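Per-chain residue numbering starts at 1, and chain names A, B, C, D and E are given in the order in which the chains are listed.
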């Protein structure tokens, strides 16, 4: 392990050497620079290894041979090693990235770069206040120097603005340091900290500390004193921006952390306040940004603000602080550096210009990895950090702060995922990305680092908190494996995926209780059946399998989750995977965005709910939800239920669903509708099983759920009635169906739950089938507008049969399985205490007929159009699963007991009363009876006899064509004018259309518009004038002082 | 009243004599002829300034002997309850008249009928060449007086043999008063 | 499971009786309506002539597979509904096939024929058929609502979903009928009944002067005959459900005939007095007048 | 004496700040910052001053052994040197910026360099 | 030929172009066939009885005679009591009453309506115009003999015949049907070419398939 002094020494030595070098030999100078930077990275790397693997102890390095306070000392500990490594690695990679630029600039530029890095390292290492000041000034000068050397002309003014502010800052800092020294008699941080108590309360020291603190915090670019930083981020060379965002911020953060050590807990609230304000404001301002680098700048500010909040919560977080702060910091640093490097590869500065990356799957992967890191999604370090942070905050009751953090994070996710959507979906600019290897390599290193850190954090979390390392869980590993296999042809991957899912089911078959078995069956085997349709795809289908398998992995992990952490991680994984899947649709960009936002919003509620429930405990088994303290239990219930209901698209939270499901690819729609929605229901099952009925302010929450469910069912169905787009119709129908299932759950009795489960199974089968069928039709006809189709029954008989069986099943008409659901439903409501919500649900039932008839009529019956006369049946692989589903549906209709009987028994654990009796083929409840086999036989016998009779009577019937219809002795004009399909239920709209005004859409639209407009108006604060920025800083100081006092 | 109108109009258009069919007020009805070239300004004047807002009908008379078609544009002033008919004469051969469908959309229908039944062309009138009442007509326009409907019917339709035609007057006389003559 | 094979001939016997009763009943009703209009009206056996004629038509056309299935669905719905409900209370012979399911089965089986008919009609490609279906389905959504509420109320009242048990609970005098023990439910259900009988004011579905004649526009010969058969069975089957739920059921055929006739006449009386509603009017009517009754029924039971 | 120096220092700082935010000319701003810098340095020196003591230079008059009691606090004296050096560096850099900015727009008005905003 | 009936080239969703010929693709081209009655005589007799007692008239008025049809259903004449009723769709009707003069244009519609009815079906010509042209004997636009174009089972004379005459006529028709002599549909199928030739002689813009199923 080399002395950390080498960090300083090497940089200085190399800089001076460069100065001696012949200016023309810039190649050699570049080589020296790289070697030096590599050496500088090597030093902390050695230390880090030493601390981590060899158990080395932190060391103090004393300069000038004297002990502090008489001399300056540097410290190399675990934190310092990690940070300096982060800084120097960023520097090294940036230097690599900057190859051309640096060689053009010559040795002066390289020297400045090295000095800057040296200064950042110095800030981290030093324990002396004045030394800190010196390093800060060095950093400022070298930063300004680097900016001066940037190519962008605008960077000049930005650099000058930076200098103005840094002049002010240094004035404050210096005066603060000197007064602190005056008050405490030392410049050494540790001495000052240990001697804090006697003079800590002295006003003079407090004022001095305030000056130092505010100066250092300003280096973190707090709101509103951060306009200058944004200008730099926007205008500087992206490699410099990467450096500032990752390295400089790291150093400054650590400086503030060290300073807080001196100031003590009294200053924590101030740090928290500044941090959270910055976090919220920066995210809000980022919303309307169109420039990529400025957006990243805002995001940087926000992230650093968040970390400042973490530092400010040190009193709560205690030992866990580094885990959280570092988790967020490395996520931020790695991602932000990577993104800035990426931005250098993209030609245009508009967000949509990033579509140029699309041709490079690896870069796309890099981008999304970075976005996931920034939004704290699993399996990256930020995820563990976020979980831990929320857990502790909720445990200690800092709920307002928690809420603000989550809101800010949601806004951040909003603009980041919107950007990602642009990249994947917008029209790619003409010029493609031409990344030289030396530019691309840093990006890849960052991605790799992100994943490695994710693994590392998983391990840390395992050691410290007993959580399972997500990257080691088999389903996730399986899913991620597809990233490596993405070069294979699609059918190979499909086979692998199906095999894997089926195999996993049979491996783990015995581990599930009956309820979970049903869900596992749907997720794994059901998913495998749906995947059969994917054989229809040709080529490699880059990105499909990792996304799909990520979703399935998440769902499997959800079913297998034991504690809240696993549950939540699985939830986020399945959300992320399904988001990618949905985003693959041709026009799905806005819908995928609203999906991910609603899902993340829901996820945050779940996160908060779990954290609140855990009350600070590191481990919280799902089953422990039942033992939550009565004071918080209803709130936990509310949070979790709302979170789960975003996934099941309860009314009000449903607006993401239609677009997302409708615009998805043919084989994706059944996955996200037939299967994914069940994840939300599973969550609700788990929640209700554990928590049961809860009352809040005397209102029974399950009763509220009942009303929500009823309205969801009614309005979902009603909206489906008025759709022209077949897939949208099905999507709205899903909303309605989920309303039914939710209703069953909320009934809180045995049969209600059984009914919900029946809906789970039924909905999986028929909605997958219908989406496949309609998807196949849309694929063949090139449209999803139903009125453009018509008369396809003869051309696509298999698809027709699937839809026919599907709609009979959905409508609940005997003898198919939908009737079973209705029968159990009636029995369930008879046993329930509530009556009024049923009214709504009764209305919803027949409404389903409307859209179902419309679906089958407009597509398959009626008049065939000219251009569709030669349409072929859906491709084999899309038709095959449909036929399997038809078989499944009939089997389930005949023998529902196969699936339900065990669950029925299992539910006795929760509701011993009111179960069903299964005798032979007959099913009996407390109220009635039902014999599916008898019904099926009776109906079949009557039906077949009549059909045979009719066929016999009409054996000589003349088969006619579509215009052979009576038309008041006239003839039809054209098929288009004869097919009655558009606005099919016009009278119904006249009567009940007022119920389906898009209130929810308007509300959410207004909310996002408001945020957007607010951000857009408020960011005019940054008028670009250096003097304004100086005033901002002064105002900031005054405000903080005022609030602080 | 109509006379006053006629006097007024005469200053503007070369009108012919006024033929008053019904004197009023109310319910006046009069006809006046004018050259085809002045029809449009006259119609506009009547419609916009004199309150004849309603085109009651547009019809034609075949003056076979004179070799002319007479077009009658019957306009109505509803507030004053009076009608005026403008007569325009055009040569029978290649009869063409400017369309007024832009003044009264309903005129298009009349013009279509005249096109079919008389063979008078109204260029640019919407759908003027489409079938109106007849479908697949193959002969000369049937309302022209030189069209021989009896001969046409005899040639085109199979008649029931043994059919006789009786003069109704004679027939009834014979039936009611069998004793006489 | 033991299955009594005699149930099949018994069921067929019920079917036979009901078909003939239905044929005569509808003719009788038409005749009564004619007499109100001072006409003699059709002959009492007219329905048979029409039926035979339609079965006896020599030629027919077909628009495709669903065109066949439409009437089959329709008639299956009618026969099924009839057979899933016991016709005569206390009679094993006329308990039909009610072992297959309870009231809910009957309630949902009503839709079987409607749905199938709609599909068959739509297959013909005739716009009037689609328009008729659109109207019919729209109307049914709110027309069925009071019935559903009434059934819910009755099931709550008697604590069972078994039709036989519900009838049994109403035995022992007219004052035990649901009509008197749960008048709101009956009122709501009878309003729903009007909506389901295809008579004015709720007959806009077939609207003879406007969209001749709605869904069955293209149907003829034996297809039509099958639907005519259903028209004889289905109203009776539906009325049987009403009778069993609300009017004490019937313990013998004469009582059965009387009650069915009287219930049928309710819709006839209303029908000859009121003009036709448009779809949105009837939807509003059901929501404003029938729905509150239904809600009262379930709240007060 | 101390208070006078310190007050002067703070006054200079305030004058500097005021100058920096009220002058739109970049060169004037730089001058203003230099004034503020001087103020800071004055404050630093004033902090280290103790009445009745001598400069922290060990020579014949101040023996090493008594130094602790005789001299004023040497640390601020040492620091101020560094601060001055850094101040000079920053000022030089700012001047370099001023030069480049003038080259770019032929103007020294800070309000004209607002391409970046929002 | 109207534009919508012309052959046209369309492009399928897969981008392949193909031709659509409306008359061939949208209409069944089969010719009618003779439909024999039931093999067993008594069954056919039963059916004939039923057909006679269930005359469903197509609600289609061709000329001024239609005005005389309405009173049939009023309380005064009450044709319902004879099993007669109106049907709005040819599919369900089995009696076509040509009520008065028949212009060439209407003839086309009458043919279409007739052909869309199912075998057995009956045609009654009402009034002089259907017999010999009546007062329109020299009209350029009405046919003079209905039986040239459709197989007429019965004429009811008069200009106009009163409802009583119609009732009497229907009674005669019933007798014909019961006797098995009303086989117009089969005659039409047998002499299909002759009927078509006659029809096409007067209908110059024939724009429909030869038989309208």
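By definition in this document, a contact is a pair of C-beta atoms (placed from the backbone, for glycine too) under 8 Å apart; a residue touches a chain by one contact, two chains touch by 3 or more.
These figures come from a predicted structure and were not determined experimentally.
K.L.:
What's the overlap between the neighbours of chain A and those of chain D?
P.N.:
Chains in contact with chain A as well as chain D: not a single one.
K.L.:
By label order, what chains touch chain B and chain E together?
P.N.:
For chain B paired with chain E, there are no chains in contact with each.
K.L.:
Of all chains present, which has the mean Cα position farthest from that of chain B?
P.N.:
Farthest by centroid: D.
K.L.:
Could you tell me which chain lies farthest from chain C when each chain's centre is the average position of its Cα atoms?
P.N.:
Farthest from chain C by mean C-alpha position: D.
K.L.:
Write down the pair of chains with the top C-beta contact pair count.
P.N.:
Max contact pairs: A-C.
K.L.:
Compute per-chain Cα centres, compare each with the mean of all protein Cα atoms, and return the closest chain.
P.N.:
Ranked by how close its C-alpha centre lies to the overall one, first comes A.
K.L.:
Suppose each chain is reduced to the average of its Cα coordinates; what separation in Å results between chain A and chain C?
P.N.:
Computed value for the inter-centroid distance: 53 Å.
K.L.:
Using Cα averages as centroids, what's the distance between chain A and chain B in whole Å?
P.N.:
Going by mean C-alpha positions, chain A sits 78 Å from chain B.
K.L.:
How many angstrom lie between the CA centroids of chain B and chain C, rounded to a whole number?
P.N.:
Between these chains, centre-to-centre, one finds 60 Å.
K.L.:
Quick check: how many Å separate the C-alpha centres of chain B and chain D?
P.N.:
So the centre of chain B lies 107 Å away from the centre of chain D.
K.L.:
Give me the residue numbers in chain A that touch at least two other chains, ranges are fine.
P.N.:
As it turns out, chain A has residues touching two or more other chains at 956, 958-960, 962-964, 966.
K.L.:
Could you say which residues in chain B touch two or more other chains, in rising order?
P.N.:
If we look for residues of chain B contacting two or more partner chains, we find none.
K.L.:
Touching two or more other chains, which residues of chain C qualify?
P.N.:
Where chain C meets two or more other chains at a single residue, that happens at 59-61, 217-218, 221.
K.L.:
Which chains are in touch, pair by pair?
P.N.:
A-C, A-D, A-E, B-E, C-E
K.L.:
Spell out the part of chain A that touches chain E in their complex, as residue ranges.
P.N.:
780-783, 866-871, 956, 958-964, 966, 969-975
K.L.:
Please name which positions on chain E make contact with chain C in the complex.
P.N.:
Going by the criterion above, the answer is residues 28, 32, 35-38, 46-47, 49-51, 53-54, 56, 59, 75, 78, 80-81, 83, 87-89, 91-92, 94, 118-120, 185, 213.
K.L.:
Could you pull out which chain B residues touch chain E in their complex?
P.N.:
131, 133-139, 142, 147, 149-150, 152-154, 156-160, 163, 165
K.L.:
Help me check something: in the complex, which residues belonging to chain E touch chain A?
P.N.:
For chain E paired with chain A, touching residues are 4, 8, 10-14, 16, 18, 20, 22, 25-28, 30, 35, 60, 89-91, 109-110, 112-113, 116, 208, 212-213.
K.L.:
Quick one: in the complex, what on chain E touches chain B?
P.N.:
Per the stated touch rule, the residues are 104-105, 108, 131-133, 137-141, 143-145, 148, 198, 201-206.
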